[in-house]
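Read through the structure below, which is laid out as structure tokens, and then see the notes.
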Amino acid sequence: MSSSEYALDAQNISKIYKRGSEDILAINDISLRVRRGEFVSFVGPSGSGKTTLINILGCLDNATSGKLALGGKTIFTEKKKLSEGELTKVRRQVFGYIFQKFYLLPTLTVLENVILPLTFYRKEGTVKDALDILHSLGLENRIHHRPAELSGGEMQRVAIARALVNKPEILLADEPTGNLDSKRTREIGEVIQRLNREEGLTVLLVTHNPDLARIAHRAIELRDGRIHVDSSS
Amino acid sequence: MKKNILSLFWLLYLGAWPLWAAVGCDLNDPDRDVKRLFPESTSYKTIYMSIAQKGGEALLRQVEQRLGDSFQGLFETMDVPYTMYQVFRGPELIGYIHGVNQKGQYGGIQVFLALDLEGNIRGFYFQKLTSRYAKSLRDPGFGRQFVGLNLRDFYNYNIFSGETSGPSRVASIKNPAAEAEQDFRAALRATKKNLILVDEFLLGNKYLKYFIPPE
Amino acid sequence: MKIYQVAYKNLLRKKVRSGLTLLGIALSAWVLVSLLGFNRGYEQALNRDIDNMGFQVLVTAKGCPYEAATLMLKGGTGLRYISESVAKTILEHPEVEAITPMLMQAMFDPNKGESGGITAYLGIDPGTYPRMKSFLKFKQGAWFTDPDGFEAVLGYEAAELEQREVGDSMLIPEKNIELKVVGILSRTGTQDDGTIFVPIKTLQRIFGMDGQLTGVGVKVKRDANISLVEQDLYDLPDVQVVSLAQVKQTIMDLITTAKMMVFSIALIAILIAMLGVINTILMSVFERFQEIGIIKSLGAMPWDVFKLIWVETIILCFLGGALGIAFSLGLSKMTEVLIRRLLPYTPTGSLVAVNPGLALITLAMVLGIGIVSGLYPAWRAARVRPLESIRSEGE
């Protein structure tokens, strides 16, 4: 398969942290490829490096060594690292993010939160798109509320809407249901699944929750900074 | 530098002596003067009012009628702020002090009255007086003639003719110097006006009943 | 949605904190605009005072100024005189258009004030003085015409003090001489308001100062070079030549000290306000690290974040500045009273002249402060890496 068919192509990624005088090898020479439209979940015990890996794949952080290409386009290599500004450009072009802690701006309404990315960058998204997305997520009655007035599940859905407003290629979800009960967890799982199936959104999901991991096509288990099991291979 | 200082003082000197607002009539040193007029006092309160404030044109007409004369000239107007002092011993009100401006022969006259709660004069003095006979007019003996009198006595005094009609102790007030007649009369007009203002602003017009309007 | 909207909402988040910082800025702005207004008003009033003198050069007797000044303050004695012949000589100068002789005399009046005071009389020539000061208006009456008459014209406040009107008499204490009031000037807002004008010949006679003057007012021809005329006048024996430009300079020099002091205070106030602004914004940046990281993850470039924080600062300063200017306009009377207490010499008339131009300058300065203060916090915010602030549990 030519590399342009891969949404994400990572080779020999390693990450070393300095802690005091010690060097910690968090990611140890990981290579993986994700096709467009694939739904990948990352599981593993604490300290296995899954969040570190996903941060690198999601261009939230730089790797110490390795290569990354997104949609066929080389992002960084051994020789060429990216500055914060360049990383930002890649991020907004390619990714949408949701996290365990929702991270909505409390002074803005739901609608304002969702269209906030458009203040900085408009790929193709418009306010109308935002309204459509909110509608499809069942939030049309909440658009003028503030986050403080919403339930956990609603807040995460707002975060998802925000992540989608600029039509990203890859959705990166880091423990999205960590703060939710099992019912809401199921809801969010369904939403993500629907987005993947109907919109063809590539999804990278980090989770502790085995039920959530199961809805993915492919599960990658990490241990000690290496891929232990990859269900696709 | 020396030359500059001289120039500066010339500029000052060409008229810029301290000017105090002559329009109102305050005590020169209230702390000292109140204590002098009411030795038993412990504190005082200062109130300002004007005829314009309290009743405007209508009040002015009334006051003029009671005075028996109209308000004169550039400086006797209804906007003039009158200063009234309420004198206290502890929490108890014991008397009043009030001063008025009056045109004298050679300059402005300021007549101050110290009054008890009934409106009787217990002290009279000139705070300001320009006159060749200032010495005899400022003599305490002159002021003593006013002690005990009140507005009832002055209602019966006609400021134009200088005569009294009916019972009035004003008749017993003597002019110490014949040539000072103009200022003497001015002092009496000032006293009458002073008492009328005190009656109007502080005593609730309790002397009004003694006023008989002329035909 | 625009960046300034986001910035504005961020400020509303901590109302008390934003409000206090705003107040600090407002006070600084108030001080600043009042200062600028005072500076302007003072100069205007000064120019008006000087213009009102009517002549451009004043020639007075030479003498030791300190002594004369102190003696004047102490009792009106110790004046130095020049002879009338000097006035004649000056008039002969080709560049001089007109002169007016003046004699100042003072007298102790035991009836004035509490324990007596000084009354000053200015002897003037009815033939020349009124013409030089033709802008003086009368409330009642007019100038005296008889150079030998026992008449007086009073400035409005001098008249008010003694309740004098046209037709009344005035008594010169000790000399026991009566003057008849023939004119009362309208208010001018200068020292003329407190002056008693008397014909100079009469004054000379009363005080035994025949042929003596304390000063000569000189009006030069329209196109003449004032400094050259002054140079010539210096050659006269025993005189001082006071150029009113010089007097103005002296006064300006004298109050520069006071102005410096007030400027320093204003500067300190501005610095404090600035520190307050930096502190507030910086604190809110630190508190919002996570949020800033999120915003960056949403696609905000470092420059976008910088702009966001910077705009917050500028909004704060703009509102504070506007508020401060509103304060100053509302409280301009009180400011004027404060200034009169501070300075040793103040010309009569309105002191604080705040106009839209000054208000705008102040606003610009406050905005400038905002722009500078905002730089560091905005830079700190722009440097935030999203990852530092977004760390999920269970790593």
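Each chain carries a letter (A, B and C) given by its place in the written order, and its residues are counted from 1.
The rule is simple: a contact is a pair of C-beta atoms (placed from the backbone, for glycine too) under 8 Å apart; a residue touches a chain by one contact, two chains touch by 3 or more.
The structure displayed is predicted, hence computed values, not measured ones.
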_Joint neighbours of chain C and chain B, given as chain labels_ = none
_Just the chain pair, please, that has the highest number of C-beta contacts._
B-C
*Based on CA centres, what chain would you say lies at the far end from chain B?*
A
*If you average the CA atoms of chain B and of chain C, how many Å lie between those two points?*
37
*Where the CA atoms of chain A average out and where those of chain C average out, how many Å apart are those spots?*
67
*Determine the centre-to-centre distance between chain A and chain B, using the mean Cα coordinates as centres, and give it in whole Å.*
92
*Which residues, counting only chain C, touch chain A once they are in their complex?*
1-3, 6, 9-10, 12-13, 290-291, 294-304, 385-387, 390-395
*What residues of chain C sit close enough to touch chain B in their complex?*
49, 53, 58, 60, 63-66, 68-69, 72, 104, 109-114, 117-118, 120, 122, 139-140, 155, 157-165, 168-171, 173, 176, 178, 184, 191-195, 215, 240, 242, 246-247, 249-251, 253-254, 345, 348
*In the complex, chain A residues that touch chain C*: 46-47, 51-52, 55, 60-61, 84-85, 88-89, 91-92, 97, 99-101, 103, 105-108, 112, 115-121, 162, 166, 174-175, 178, 206, 208
*Note which residues of chain B are touching chain C in the complex, please.*
2-17, 19-23, 28-29, 73-75, 101-109, 128-132, 134
